[in-house]
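Quick one: the structure is below, questions incoming.
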Amino acid sequence: MGEQNEFDNAVRAKILSHALPHIQNYNGKVVVVKYGGNAMTEPGLQESVMKDIALLTLVGVKVVLVHGGGPELDKELKAIGKKTEKIDGLRVTDEETASIAQMVLAGKVNKDLVRLLQNVGAKAIGLCGLDGGMIKTKQLDPKLGFVGEIEDIDIKPIETVFNAGYVPVISTVGADDEGNVYNINADSAAAAIAGWLKAECLILMTNTPGVLKDVNDEDSLYSVLTSADLEGMIEDGSLEGGMIPKAICTIRSLEMGVKRVFIIDGRVKQALLIELLTDEGLGTQVTIN
Amino acid sequence: MGEQNEFDNAVRAKILSHALPHIQNYNGKVVVVKYGGNAMTEPGLQESVMKDIALLTLVGVKVVLVHGGGPELDKELKAIGKKTEKIDGLRVTDEETASIAQMVLAGKVNKDLVRLLQNVGAKAIGLCGLDGGMIKTKQLDPKLGFVGEIEDIDIKPIETVFNAGYVPVISTVGADDEGNVYNINADSAAAAIAGWLKAECLILMTNTPGVLKDVNDEDSLYSVLTSADLEGMIEDGSLEGGMIPKAICTIRSLEMGVKRVFIIDGRVKQALLIELLTDEGLGTQVTIN
Amino acid sequence: MGEQNEFDNAVRAKILSHALPHIQNYNGKVVVVKYGGNAMTEPGLQESVMKDIALLTLVGVKVVLVHGGGPELDKELKAIGKKTEKIDGLRVTDEETASIAQMVLAGKVNKDLVRLLQNVGAKAIGLCGLDGGMIKTKQLDPKLGFVGEIEDIDIKPIETVFNAGYVPVISTVGADDEGNVYNINADSAAAAIAGWLKAECLILMTNTPGVLKDVNDEDSLYSVLTSADLEGMIEDGSLEGGMIPKAICTIRSLEMGVKRVFIIDGRVKQALLIELLTDEGLGTQVTIN
Amino acid sequence: MGEQNEFDNAVRAKILSHALPHIQNYNGKVVVVKYGGNAMTEPGLQESVMKDIALLTLVGVKVVLVHGGGPELDKELKAIGKKTEKIDGLRVTDEETASIAQMVLAGKVNKDLVRLLQNVGAKAIGLCGLDGGMIKTKQLDPKLGFVGEIEDIDIKPIETVFNAGYVPVISTVGADDEGNVYNINADSAAAAIAGWLKAECLILMTNTPGVLKDVNDEDSLYSVLTSADLEGMIEDGSLEGGMIPKAICTIRSLEMGVKRVFIIDGRVKQALLIELLTDEGLGTQVTIN
Amino acid sequence: MGEQNEFDNAVRAKILSHALPHIQNYNGKVVVVKYGGNAMTEPGLQESVMKDIALLTLVGVKVVLVHGGGPELDKELKAIGKKTEKIDGLRVTDEETASIAQMVLAGKVNKDLVRLLQNVGAKAIGLCGLDGGMIKTKQLDPKLGFVGEIEDIDIKPIETVFNAGYVPVISTVGADDEGNVYNINADSAAAAIAGWLKAECLILMTNTPGVLKDVNDEDSLYSVLTSADLEGMIEDGSLEGGMIPKAICTIRSLEMGVKRVFIIDGRVKQALLIELLTDEGLGTQVTIN
Amino acid sequence: MGEQNEFDNAVRAKILSHALPHIQNYNGKVVVVKYGGNAMTEPGLQESVMKDIALLTLVGVKVVLVHGGGPELDKELKAIGKKTEKIDGLRVTDEETASIAQMVLAGKVNKDLVRLLQNVGAKAIGLCGLDGGMIKTKQLDPKLGFVGEIEDIDIKPIETVFNAGYVPVISTVGADDEGNVYNINADSAAAAIAGWLKAECLILMTNTPGVLKDVNDEDSLYSVLTSADLEGMIEDGSLEGGMIPKAICTIRSLEMGVKRVFIIDGRVKQALLIELLTDEGLGTQVTIN
């Protein structure tokens, strides 16, 4: 309560009022949020993200929340004593591991997020790529086993949930035509979902301030880039390792018709509201060149 | 821009976030605003009210804007050299005056407000009580001529406008079954409209802080009253003259099912946002006892 | 009653029955009526037009009533002692005059027509070009000040009103993107509205029998013309002055897809019914060549 | 064409205009017409009735056309050499006769009427009581065989046809739960259908001017009666034989909620238009007392 | 009951279950059934076809039942002593005969089928080509009189009936623009209706096992043919006489977009269910080559 | 294929046809299936149940699949080495165990069922009681920890899924107002869901033939019981232990308006089809007394 009182009503009303043009910008638009990193693992940040989504929903933004859940999966694998190896940072996934990933992502992480959204007054329904056969998948690479690449998305389950007034929360597992289950990289899945939905924007929540000129200098942030810039940076090797797959997803979703992609720092409290509803934003905004 | 920068993004996002429970409270609800006084005559306040309404609309509040326009009517009457007398503060209204009131309210004040709302990005349609035969009127008092009292309201024009996504802006003139035009007191009309719409709340914008214990002391504000309190104050003579008709309107609309009435100070910038979307509000809130 | 009895029931029923093919022709079609001249200023004719519109509406014609109001505007300007000059018959319009035009047209003329329609049992809602940002305008000619030319029309307010069962009555004022108000020539506005609505027909009510071969001979009426005929007549100077702008509007609306334009004599009682529901019509019908 | 010219346009427009209040009265209302007698057997009258219905439909009246077809049935029975006897004017109907009645009514009379309506520009669909199980019937009297009495009506087939914009034309055959077919008196069926539809009015087209004081004097017409009057006249024997069953149907439909019943002279050209759209009407109007 | 018990529940459930992929195949699809031959004249087969249609409807198939009625027409013509001659198997049809055909088909055959469908629990509405002006016809050959060829079909009456949940049962009579009635060959009409509806399949119920290599050997059935095969067989004279018009209809409907045509043996009990819901089917299936 | 051929087409069609009245009985009705026991754990039975549900859905039954998952939960608890104790057969559930139950039920069991349904051609969406705040829960007994009892059900998520054409598959976890997660007995949850949905029937799939007179004699099955019978059997101790809670659920759902409850033997292949679509059924049917 003290916190709320440090600004008087007039200040608060003025700030609400300044959000008007930003709200008008996003009202009725689809925004796909790839949720992950600290924003998902730190309880304080987590609740703040849920409130941001509740607020965005109320001001008419059609938020789709897409999540992975690597840390929770690691914990479960460790608890049952199952060892997995990684190739180039991607987990080699046997059938049992894919099934465990489905269980942890769609049953634990997903439904926990649904519950948290409901707790802050939003209405949410959790889906995974198996529901309604939403995400058709094929094998990415035989060496990796049941790691999937998206072939096709049926957006009807998402629209069903939207039209009934719920926030769709989506776990990124899918199946092929034979019914084999695959784990899918959440960034790629979010980018594909944003593309299929012709989203206004895709927001990738990360643990860095955005795309950096100098990976060791958090102040060297690029505020604005084009997809061509990103392609150049991939080619000339100036992107750090973890940023490369995010850059690729970014480029793909822009090519599929997403208007802009924000790579933002999920460690900043209320990063979503700052990015979407204030004058400056905080991470890197990428548009098609 | 300087003004916007006096608070950093984090503060702004936090304040937006604090509005969440208030927005949840009013989302999807009907709020009738009786607009008048300085809030309507001072250009700076006027634009700020329009922005507040645009914002409230975007966060899902169904705002109905009801207005009078005494000062504009006085100006027009003076310009054409027409003299009118008043009895107990009410203008004796001959047929010509009623016609001029219709012209000024429905043609000048109403459409100016529509244009201002459109300018700040809201969608609005202006109506008067004649449109669709919305407000059926009878004579209030033969001595006053064409001053009307509301007999019946057909809310279909308001719902038509709402359902198509427009803010209804309403001038308070009406007609009887013979087609005679009457000028109607805007406070009474707003109260009746709120009653017929079973509104969540009615907001009366005035030039005082609200209901005062001591009319000469603006700090002697009652924050919360019941309709019974107001009735008592009318009976024991403790209300100042101008507040008595507002108190009567307040009581009537509460009796018709409006959940709460706010009598607020329209001279305060962003009074609407403060009242509806912050923790404290600023005027007097009246509920049924 | 005597008047009604001069024909017996059988005659009356036969005549009703003869209207059948004409009603079938216009049922469900949009007809834009530009209302003006004596038909608007003579009370007897005025009521008769309102009844005609009520009847047309009942037989399934979707009537849009577009009106100007020069005589009422002149009266108001005179009453407040404001002088305006005219260039080539068009009023030089300063900001104050534009505002007065808005007030007179949208507040007096428009709402009076709405009331008259309601009185004869039709349902009507009055709009002006500011409502819902319906008519986007730009300056026609700097010398004329705030006289507007239509740039764009958003037909959603008209369709909203139609779908709810009301006759839209439209005042021809509009605004530019900065919110400046312009007065628009009612013939041009009606033609543009008819074009945007892809109307079945546009009816221009005038004080002449139609397009005349010899302006001094009311019997020299052209019953049928093409837009090419009209263009020729403009070029070879055979049209009298006041008919030229009407001819230009006619040609434009036909080019925008209106099927036919009727230039009719509004001084004839029930001219609308005669033109649309009897075998012969009375004015000049123009179609695309 | 000559006929059309015997009145000039002004007269015709005036007469159309006089129909306005009558059209307003019936617009959107259900009117059930029991069609029979000379109006059905004389080709000239037949076409005129079809045009009247087309016109009534266009002015928004929801006409249901219910017909019998005794003369056509007689002709068919005679053609195949089948003899039937009558008891109190009602045909003793064996199973074969019921089947022939179904064939003649639903296949010949009904579809001929549909075709005639289509020919004058109306849209019509022919139904009988078997379609959609619309009319559930039981035996009226074992002596009469397959002559039915209505037990229940499912109005969904009628509403389906109405909502798609067609005039429902209904043959009065029905079936019991075992699927036996019954012929039903058309007056009773029309009265029951009007009752189930809560029709605004039921019109019984007969070969007399209406209910007569003196059955031998066509000028002794009762213009207005109540259901109580009719009951009295049945009791005191002052009704001629053929009118008694019509009187009973009239009373029943009024009791079921039909607002008024007209017993009119189908031999008069355009009797329907005269009754519904002119000032005086021509037959007997009966309302609930 | 004995019959039902000859297989135990497990067997029955297994067989139901085997129908699953077939039901999935036809669910939501339009299937036009040309009903005729023994399947229509033998009461036992007739009831079995009605039950099949009721079942197909329940599993989501949109069945349209199209019928002729030659034998019933012959019976009626004989009963009234009317002689008609035939040219190449087609009846020379004068106006009276066309009218009798309308009566028998639309009033007797059609409504009997509707009643039978209702009796087994389906909901059905009977239509003929006159209803809603559904089938526009022209003369096939002056020598044949009122034998029609289809010019145009308005599918709205069929869709109206479908959308309200009824099976449309259609008699194949139609009219030209002057309102003359024509009898239409039911195979041709069914093929045209299937074509206009873009049906999934057309089923022609005949009195042969299908298309035979050797017309005297019922075991010489072609299971699968293409439209090109059929065309070849027409040209090289290898089709027996009665099959030629059916082959022509088949080819036409395939060219209009029908996916497949089944020519099946209506003398086999439950031929429709066997063809559509079991693994093998029984007649000749024709697809576009 | 051999299996399918052991009966010829005629037999198969006849058996399909015998299902007609049963399909008519359940068409458009809600059937809640509590899935569990061997039917869920034996892969062969599992696939057969999925096919049964796909078929029931196609014939218009609105199936809701409710499941528990005790064996899978035991397996997971064992894998991570977590010990739990049971009181009267109910697991004492700490917060961690409730969370694991959520994960296993909503993530593994639920989504596996969704995938299997999709594999056999049905469309399905998996939900748990947290989605859309569907199941509001309170603590059943402090000794049992987070074992829940249902307080309220919001059926909107189920209806949303139904209306979009999906089978809702529901895991029985829920939350209280503080957001604590509870595991709920699946029989109770299915009964409550059936009650809230006013289901036509509730089917409890068990590992016994139904309610037995003598628990050691599988042939001593009661085919038909009333809720009063069951109450009597609970009181006089004649029900074996495991059947008592099922009996209580049965009684409750009947009291809430479910028309009938079937307690059936899930070990029988295609038990659902036999129960719903054949003449005899196989388990115990209970109706309200």
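Labels A, B, C, D, E and F are assigned to the chains in the order they are written; within every chain, residues are numbered from 1.
Note that in this section contacts are C-beta pairs under 8 Å (C-beta built on N, C-alpha and C of every residue); 3 or more make two chains touch, one makes a residue touch a chain.
Remember, predicted model here, so these are calculated numbers, not experimental data.
*Asks:* What chains, if any, are shared contacts of subunit A and subunit E?
*Replies:* Expected: F.
*Asks:* What chains touch subunit A and also subunit C?
*Replies:* Chains in contact with subunit A as well as subunit C: B.
*Asks:* Return the chain whose centre of C-alpha atoms lies at maximal distance from the corresponding centre of subunit A.
*Replies:* D
*Asks:* If you list every residue number at the subunit B and subunit C contact, are more than half found on both copies (same) or fewer than half (different)?
*Replies:* Since more than half of the residue numbers are used by both chains, the interface counts as same.
*Asks:* Between subunit B and subunit E, tell me the centre distance in angstrom, where each centre is the average of that chain's C-alpha atoms.
*Replies:* Computed value for the inter-centroid distance: 68 Å.
*Asks:* When the C-alpha atoms of subunit D and subunit E are each averaged to a single point, how far apart are the two points in Å?
*Replies:* Once rounded, the distance between the two centres reads 35 Å.
*Asks:* Just give me the whole-number Å value for how far the CA centre of subunit C lies from that of subunit D.
*Replies:* Here the centre of subunit D sits 44 Å away from the centre of subunit C.
*Asks:* Any chance you could list the residues of subunit E touching two or more other chains?
*Replies:* Residue numbers touching two or more other chains: none in subunit E.
*Asks:* How are the chains arranged in terms of who touches whom: line, ring, star, complete or other?
*Replies:* Here the contact pattern is a ring, one closed loop where every chain has two partners.
*Asks:* Output the ring sequence of chains, start subunit D, direction subunit E.
*Replies:* In ring order, starting at subunit D and going to subunit E first, we get D, E, F, A, B, C.
*Asks:* Show me the residue ranges of subunit F that touch subunit E in the complex, using the header's touch definition.
*Replies:* For this pair, the touching residues of subunit F are 3-4, 7, 9-21, 23-24, 27, 48, 51-52, 54-55, 58-60, 120-121, 268-270, 273-274, 277-280, 282.
*Asks:* What residues on subunit E touch subunit D, complex-wise?
*Replies:* Residue list for subunit E touching subunit D: 79-81, 99, 102-108, 110-112, 114-116, 118-119, 123-128, 130-133, 156-157, 160-161, 164, 166, 173, 175, 179, 181.
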